[in-house]
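As written, the chain order gives the labels A, B, C, D, E, F, G and H, with residue 1 at the start of each chain.
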Amino acid sequence: MTGVTVHQNDTLVIGGISLKSRLFVGTGKFSSHELMPRVIQASGSQVITMALRRVDWKNPQENVLNYLPKEDVVLLPNTSGARNAEEAVRIARLAKAAGCGNWVKIEVIQDQRYLLPDNFETVKATEQLVKEGFVVLPYVSPDLGTARRLLDAGAAAVMPLGAPIGSNRGLQTKELIRILIEEISLPIIVDAGIGRPSEAAEAMEMGAAAVLVNTAIATANDPVQMANAFRLGVEAGRIAFMAGPGARHERAEASSPLTGFLREVSE
Amino acid sequence: MTGVTVHQNDTLVIGGISLKSRLFVGTGKFSSHELMPRVIQASGSQVITMALRRVDWKNPQENVLNYLPKEDVVLLPNTSGARNAEEAVRIARLAKAAGCGNWVKIEVIQDQRYLLPDNFETVKATEQLVKEGFVVLPYVSPDLGTARRLLDAGAAAVMPLGAPIGSNRGLQTKELIRILIEEISLPIIVDAGIGRPSEAAEAMEMGAAAVLVNTAIATANDPVQMANAFRLGVEAGRIAFMAGPGARHERAEASSPLTGFLREVSE
Amino acid sequence: MTGVTVHQNDTLVIGGISLKSRLFVGTGKFSSHELMPRVIQASGSQVITMALRRVDWKNPQENVLNYLPKEDVVLLPNTSGARNAEEAVRIARLAKAAGCGNWVKIEVIQDQRYLLPDNFETVKATEQLVKEGFVVLPYVSPDLGTARRLLDAGAAAVMPLGAPIGSNRGLQTKELIRILIEEISLPIIVDAGIGRPSEAAEAMEMGAAAVLVNTAIATANDPVQMANAFRLGVEAGRIAFMAGPGARHERAEASSPLTGFLREVSE
Amino acid sequence: MTGVTVHQNDTLVIGGISLKSRLFVGTGKFSSHELMPRVIQASGSQVITMALRRVDWKNPQENVLNYLPKEDVVLLPNTSGARNAEEAVRIARLAKAAGCGNWVKIEVIQDQRYLLPDNFETVKATEQLVKEGFVVLPYVSPDLGTARRLLDAGAAAVMPLGAPIGSNRGLQTKELIRILIEEISLPIIVDAGIGRPSEAAEAMEMGAAAVLVNTAIATANDPVQMANAFRLGVEAGRIAFMAGPGARHERAEASSPLTGFLREVSE
Amino acid sequence: MKIVVNGQQQPIREGLTIKQLLEEQKAAVAIAIVEHNGQILTKECWDDTILQENDTLEILILIGGG
Amino acid sequence: MKIVVNGQQQPIREGLTIKQLLEEQKAAVAIAIVEHNGQILTKECWDDTILQENDTLEILILIGGG
Amino acid sequence: MKIVVNGQQQPIREGLTIKQLLEEQKAAVAIAIVEHNGQILTKECWDDTILQENDTLEILILIGGG
Amino acid sequence: MKIVVNGQQQPIREGLTIKQLLEEQKAAVAIAIVEHNGQILTKECWDDTILQENDTLEILILIGGG
């Protein structure tokens, strides 16, 4: 992998921070805390999500922050568990006070089967948290009207789902995401559903600003190598987007010249 | 891109040669010869295709070999222009005599609109050229019976098309390629049609041994960076294949624990 | 085409009206008014959409109602032109006063490129119009939270788009529509984007209650026959849904018994 | 379902016989013989497949012909069980002698997992059986070179698979089938894999001459209604093909006029 | 005297009813509904309504739509 | 005396015709076609054909198939 | 004396500070943040806050999440 | 004297070798391989081969291809 130096200046700026990596990584579902630092290193990620929960006195868990890098990484606590804007705001404030910084991924979910976010409450929470100085990255069901309101509310990015959380089914909502990328002047970060590096690459080729991956890495047989694979896939897709892919054709376009030879005789 | 050392021992052995790169690159359609060495370097490719043609006295072209690396690369001349097995055999012998080594990509095409290969003649040519000591990589329309015959004939790999040559439309024949990978104990190398790194990654995730890319690189706005992107995409897909992707689910699987909090009260 | 009598009692009840046909037809884009009655007859449709516009004194158009059946048909005026809930409510009232009855398709659009509906304003308009006694069928971007609010507001159905209006690109949002059908106890009617009878059939096979088609019929070479084709496609899909399709399998399942014969010899 | 009379003169001529129905039906996998006549009537099919097998003295089965219509139907015995051309020829001759007429569906299969046909042996069997006066409909893996040889050999149609037999996964090989339809001047009949009426409709919209369905009907909860649904789906697709579908667009094309109103003021 | 019809200023003579306005445009028969100063006016009322200075009218037809 | 029926050796008595063999199996009516030593025999010939030592028979029916 | 901790009633002795409560559970080190009667309390304040009858506490940790 | 080069008749003078032919076209250096009357001739042989009436030559280069 001697490689070629690429896109040195291609950075994603969110909340005033320049990110070289366009792969955000979640920390749920890992079989052990010890995997996390290795996964994060392999992923090259600079934005890491985590969640708040009530302590269970009988099974006290270690603080996940102990397993995350201290430097060069932005913490992105989510508001999972929130069922409306008010709870999301409360969780965001708690996370900030707990030392997670001022970024927050808003996640407001009422649906327990598909875990689809509630766009209406998400917009409300975004409006409030932006006012309080948070860098707000809302997780949404892909919808142009919602994205417009988030832009107006001062969101730092829009994070539409590709498929239900943890489903590993990729870019099922591709058409709507494509439209968000085209129409909304905010970074569009595909969150949820991405199950393979090829799908992450495709999102980036479409012009997504980044992707957030958790389940696909955490549930792989080898999470560290899968993190590595996603790192490469996201880079591949991003570079391809910038390199300007060629047009698609219904029919064939010869790669080798088509002139026959060894047989044709002219007069 | 500090990276993680990966799959150090993951090599693809064809014709007794161990290849670290699973991206084969074609040299057609480039806007200048000067681009080729840079593209090949960026691609990391170790197998490079080229073609034989009658000289045009009025527009003599330089020998493409002058622009290809002298070391660490296997030349893979194709038999483009051949319309039947006999012509393919003749071109293979000429290419070998011209210093291209003993590898050959058999390409027998009668159809001028979709440039689809003729499997029947391809099998015949493979049988003959294997007897003559060639390392034979036949380009085929994906078909299990054809692949079985190529295996029996001693082919070194099978190279099914994903979509028509130069169409940049990806893995249209995915279902048949998947079956070839599952059923045929030869390297399956997806040739033709791959237009994006995400598609190359997907082929590798399915278990393809390698991919051959030409048009998608040559017709990109920036062929050198696109070669780089394909290098990364192929690595991403290969590593993901080895890392064992997680299962797909119809419904959601929470990444953050689902236990509510901040609101639930028990007695 | 003697046919078999089918699903005699399979009716779709909306706003207290039993519909035998599950194909709703729009009247925009036809090359002449004269086509409309023939198209509607061929479609078998019982729900017909139309729109209100300012008269153009210089090119006065005939009232479209003159070309619609007087009986056995429910008029479904849309609120196209509305950019917010207030305008939609105003148009709905005008349409009712103009003799279109009390059904209304809410259509609130701010986006001029993809004509995507604004779910937030659509929910508001639905709440108001249900209170006024309208049978409200809102056109929405497919989103579970929106559909829940429409259910709560008393909508008579939910009409998610399959693809942008007039795009003829079918069920691009299939995943989200599938979830709506599974989760929402209202008729889900796929509106916009359906371009082929096969796509209408697929929507019905998924469990959609009906589909609304306009562009695909109006822009066909032969709109009357295309209406007929959609009628058949919708019936095909509906009957298939009720007939309980068999499972999908990755591998083959023999249709003819697999026992070899003519060759096998046992002791 | 008063309907409109359609395409009265749209017949498919194969082997000199004019067929009004473009749905061929297989008789394997039914839970009882008694279902067959009802299914065939509901399907409207005029071409019915069956197979030859060694009698099992312990479980003698009734002759399937007893359950098939005596009139207005063409019998299409298949050569299932054949592993090469010679066996297929032998079975074809036996079927003809058994009173099945001179039509034959060639089916040569060596692969037991995906039941993919062997194109090479199929071409050989076709050549022989055409010489013997059979009307030959070969079941093939979709491949242009194979189809060309079948055309040259005098086949009456080409029957490519959409997906493995019995898989109910539809038009996985769509791209290759599309090319066959465009390039080969024989009826292209999609055989195997079609699992839903929408998929049958799509094949017909692409220009397929007919489809052959067995598993999807036989394994439905209600095979009679499913046969009816396929009849409608095939008609829908065929009529749509003839009615000339409108173009697909990336963006929206308004169905209702876009001129705003109720708000715009000009000077 | 001026009124605003469908967003455009238009001079009219005094004492004109809505019905008369429409008949002069020879389009009365096509009109589906009229909004007069924000109030919906069905056909029955067109004859009774005398237009006043600065009245605002929306005069609407029903057309094909999806 | 032995013959091979559908791949299996089977003892029969001498002088038996194909028709008699089928009738004894009580399946004659279902049989679609018989191949006798590689030759197709239609129903008309079953009564005339006396089985010989080592004869090979394929006795076939028509069943549902796709 | 009773307080509510994470939605469950719990008896405590009078005069207990939040810091003491956490230390007795041997989990003090893992706790990320505490909400006391709806007010966020950072670590610095745990030692100063003496729990009162019917106080409500949310005692939270940071865990893996997506 | 005439020969056929890449499918086209071409007059040449007697006694010309293949090497001379190529050099006169100023393209010798680019040529990858030559087929002479159906026999492959590598570079070493070009100087030794004198062209004869009606000889057929395929003179080939290596170009970009996929």
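One rule holds for everything that comes next: a contact is a pair of C-beta atoms (placed from the backbone, for glycine too) under 8 Å apart; a residue touches a chain by one contact, two chains touch by 3 or more.
Owing to the predicted nature of the structure, the values given are computational and were not obtained by experimental measurement.
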Common touching chains of chain E and chain D: C
C-E against C-F, pair bridged by the larger set of C-beta contacts: C-E
Which listed pair, A-H, C-E or B-H, duplicates the contacts of D-E in over half of its pairs: A-H
Geometric centre distance via CA averages, chain C-chain B, whole Å: 44
Centre distance in Å when chain B and chain G are each reduced to the mean of their C-alpha atoms: 61
Whole-Å separation of chain centres (CA-atom averages), chain C against chain G: 55
Whole-Å separation of chain centres (CA-atom averages), chain C against chain D: 30
Where chain F touches two or more other chains, by residue: 6-7, 35, 58, 60, 63-66
Sequence positions of chain A contacting 2 or more other chains: 26, 28-29, 51-54, 78, 80, 113-114, 116, 164-166, 169, 214-215, 255-257, 261-263
In contact (per the touch rule at the top): chain pairs: A-B, A-C, A-G, A-H, B-D, B-G, B-H, C-D, C-E, C-F, D-E, D-F
Touching residues (chain side chain H, partner chain A) in the complex: 4, 6-9, 35, 58, 60, 63-66
Footprint of chain A on chain G - complex, ascending: 6-7, 25-27, 29-33, 35, 40, 42, 58-66
Sites on chain D touched by chain E in the complex: 254-257, 261-267
Of all residues in chain B, those that touch chain A in their complex: 1-4, 6-7, 26, 28-29, 41-42, 44, 51-54, 78, 80-83, 87, 90-91, 107, 112-116, 164-169, 195-199, 201-202, 205, 214-216, 218-226, 228-233, 235-237, 239-240, 242-263
Interfacial residue positions of chain C with respect to chain A in the complex: 110-111, 113-114, 116-121, 123, 141, 143-146, 148-149, 163-164, 169, 172-176, 179, 182-183
